[in-house]
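Next up: some structures, all given as structure tokens.
Presented sequentially are two complexes of chain A, the first with chain B as partner and the second with chain C.
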Partner chain A sequence: MKADTTPLSEPVFLILLSLAQSPRHGYALLKDTEALSDGRVRLSTGTLYGALRRLLEDQWIERFETDDTSRDKQSYRLTPTGRKYLQIELARMNQLTRAAAACLKRREV
Partner chain B sequence: MKTTPVKTPLILLFCSACLLHAQTQPPTFDAASLKPVATCNAPQDPQTGPGTLTIRGRTPLVLIQWAYDLPRSQVSGPPFLMENCFDLIAKGAGREDDAQLRLMLRTLLADRFGLKAHLEQREMQVYALTLAKGGPKFKESPTDGPPTVDRTNPVILSAHHMTLTEVGARIADEVGRPVTDETGLTGRYEIRIDLSPYIAAAGTADAGKLDMMSILFTGLTEQLGLKLESRKSTVPILVIDHAEKSPTEN
Partner chain C sequence: MPETERGIKIAMKFAYETLLQLYPAHYRNLFAREMTGVFEQVVREYRLRGPLSYFAFLLMEFGGLIVGAVTIWTDEYMRRTAPRRWLSLPVLVPIIAGACASIYLQGLVYSGLAGHRPKLLPPPTLPQTNLQLLGLMALIGMCIALVSVLSLAFVWNMRAVGNRSGRLKPIWMPGRAVRGPLSRRDQILQRNARREREMRRVPRRPLGLE
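The block that comes next holds the complex of A and B.
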């Protein structure tokens, strides 16, 4: 079965990528997504909140209760669904990168 | 006078046996198509009509949740139930309501995924949905209709014909715990919260913290007159004893 290759939005991709390493709380997600994009993407609280709500609804991520029960430290973690579709997105990007490199190489010859 | 004292009880006995047989047979769909889909990129909320159920782009876990009417935090099962997505289109023999469709879906899950599960009561941290000071700030639905949720804008929670138990179930996934409805309100309501005013107030990166939960908590209180109170409570948990990763063929 060929996977649907609808691209993920960049904020969603970065959030999933960040959570693929370990569970994180809201503030850590803001900092990590900025670092992952080499400072290019700075998510606003609104964008982060909207993306997290949608990902929670779709069960790509879930809330994760930590020992620190303060609400600002409540973490999110990737679900198996989220990890799978992050991998699908990476495969799509890899295929696109390979195709683009091949096109440029042919043009140069 | 001519009487037939034996025949009537026999017929009654026969009919009772038929009825008992009909009642003990698990309810089933007349027709059902369950197909794997390559992506969960476009998941949709379950759609029901009289005698019809459609769930697109969802994992077996979501199917189980709908069949047992439980949020994620009240289902305990293996991670593979969240790996693959399916489209389910099912029809009953008549105009079955949601409660009957849920029972029919349980039968389908048992047939196709070999699902075996049991309910048990567990004491755990929950959020109790209660009325805030000043009482509710939402209105009863003026018309009848199925509960619907508008997913257009993730910072606006908009729902129609919802019971507060259903509102609690929607919130449960966001707060990561069961939400018990302790408002005492039993009607169906029109619910709308715009969370955008609270997003900026939730915290800033400079302050080194960001309280995502306060956005929802504040919105619920200020715009709906509802509160979420953390407490311990005993709630039903569905424990998955067995399920196959892939369903049998249609």
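The block that comes next holds the complex of A and C.
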């Protein structure tokens, strides 16, 4: 996943955003992505774990050992690389929002 | 829990685990139990929301699993067939030669058809002048030359493949592939593969000596 050039997909963006707050396991991630998107994005487990696998491979997130960690319940957290790419994506979105607002304002005038 | 409900729960879990078999083994080792755990949690929640919501959720889950499996196998395939292998000269030469030949031959056919009038078919005539005869001979010669070039390219490609693997011998040149001279690149590749195999081999510890 090359965040320098390619925008993140919405599920990946929401997963990263959710993990930016605190480490979470699979079920909490599902709930959090749904809440963050106002119920618009409902990930299936296949989509969620497909995205998690890619993020793990790219080392944007890592598995996180907690006291109650078992094979059924594994927590994940954001790595510094993942945080950096999330910030890049946020900056890109901010720039887009500013440009869109400027365009609309110009049209109104 | 009533018997029917328990039966449905077991059936759903079984269906989910069966669909998980579509994924590669390493993926299943890493995520299967975790995914099943999350699925069971979400199933419990959706059953309380009513049958329609439950059915929609199951459709989405199973559909997502199948789509996920296809995506992961595609990734695997792309990773295994590195682009370098497709861009190598022995593969590209026959492809380009084949494409050129196809374009040339089709061009001949279509240019011939363009001047053809279906209603006023002239009677088939043999070449009348030496120039026409020469043109026909040149055309046949070019076709034979093209076929020869393609055959040579194919044989060259197979020889390169045979040399590279060190095991695969083209049947029309027995023993040639193994003894054939290796290019510097292939020598490096073989050396690296040998090193990698040695690194993977776990050293045996002498029993009871430590």
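The rule we apply is simple: the second predicted complex is superposed on the first by the 105 of 109 C-alpha atoms of A that agree within 3 Å, B and C clash if a C-alpha of one lies under 4 Å from a C-alpha of the other, contacts with A are read in each partner's own complex, and residues count from 1 in each chain.
The rule is short, and it goes like this: a residue touches a chain if its C-beta (ideal position, glycine included) is under 8 Å from a C-beta of that chain, and two chains touch if they have at least 3 such contacts.
Computed from a predicted structure; not experimentally measured.
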Query raised in the report: With both structures lined up on chain A, is it a clash or a fit for chain B and chain C?
Result: clash
Requested in this report: Compare chain B and chain C by how many residues of chain A each one touches, and report the one with more.
Outcome: B
Query raised in the report: Between chain B (first) and chain C (second), which, if any, makes contact with A:Asp58: first, second, both or neither?
Result: first
Query raised in the report: Once the shared chain is lined up, is A:Gly26 touching chain B (first), chain C (second), both, or neither of them?
Result: both
Report task. Quick one: classify A:Lys84 as touching chain B (first), chain C (second), both or neither. Result -> first
Query - First (chain B), second (chain C), both or neither touched by A:Gln74 - result: both
Report summary line: Clashing with chain C: of 26-34, 80-88 or 188-196, the chain B stretch 188-196
Query raised in the report: Across the two complexes, what residues of chain A are contacted by chain B and by chain C?
Result: 26-27, 30, 45-46, 48-50, 52-53, 71-74
Report task. Using the touch rule from the top, collect the residues of chain A that touch chain C in their complex. Result -> 26-27, 30, 42-50, 52-53, 71-74
Report task. Spell out the residues on chain A that touch chain B in their complex, using ranges where they run on. Result -> 1-4, 6, 25-27, 30-31, 45-46, 48-54, 56-60, 62-65, 71-74, 79-81, 84-85, 88
Report summary line: Counting only contacts in the complex, chain B reaches chain A at residues 36-43, 59, 61-62, 72, 79-80, 82-85, 125, 151, 153-155, 173-177, 195-196, 199-200, 202-205, 208-215, 217
Query raised in the report: In their complex, what parts of chain C are in touch with chain A?
Result: 27, 30-31, 33-39, 41-42, 60-61, 63-69, 71-72
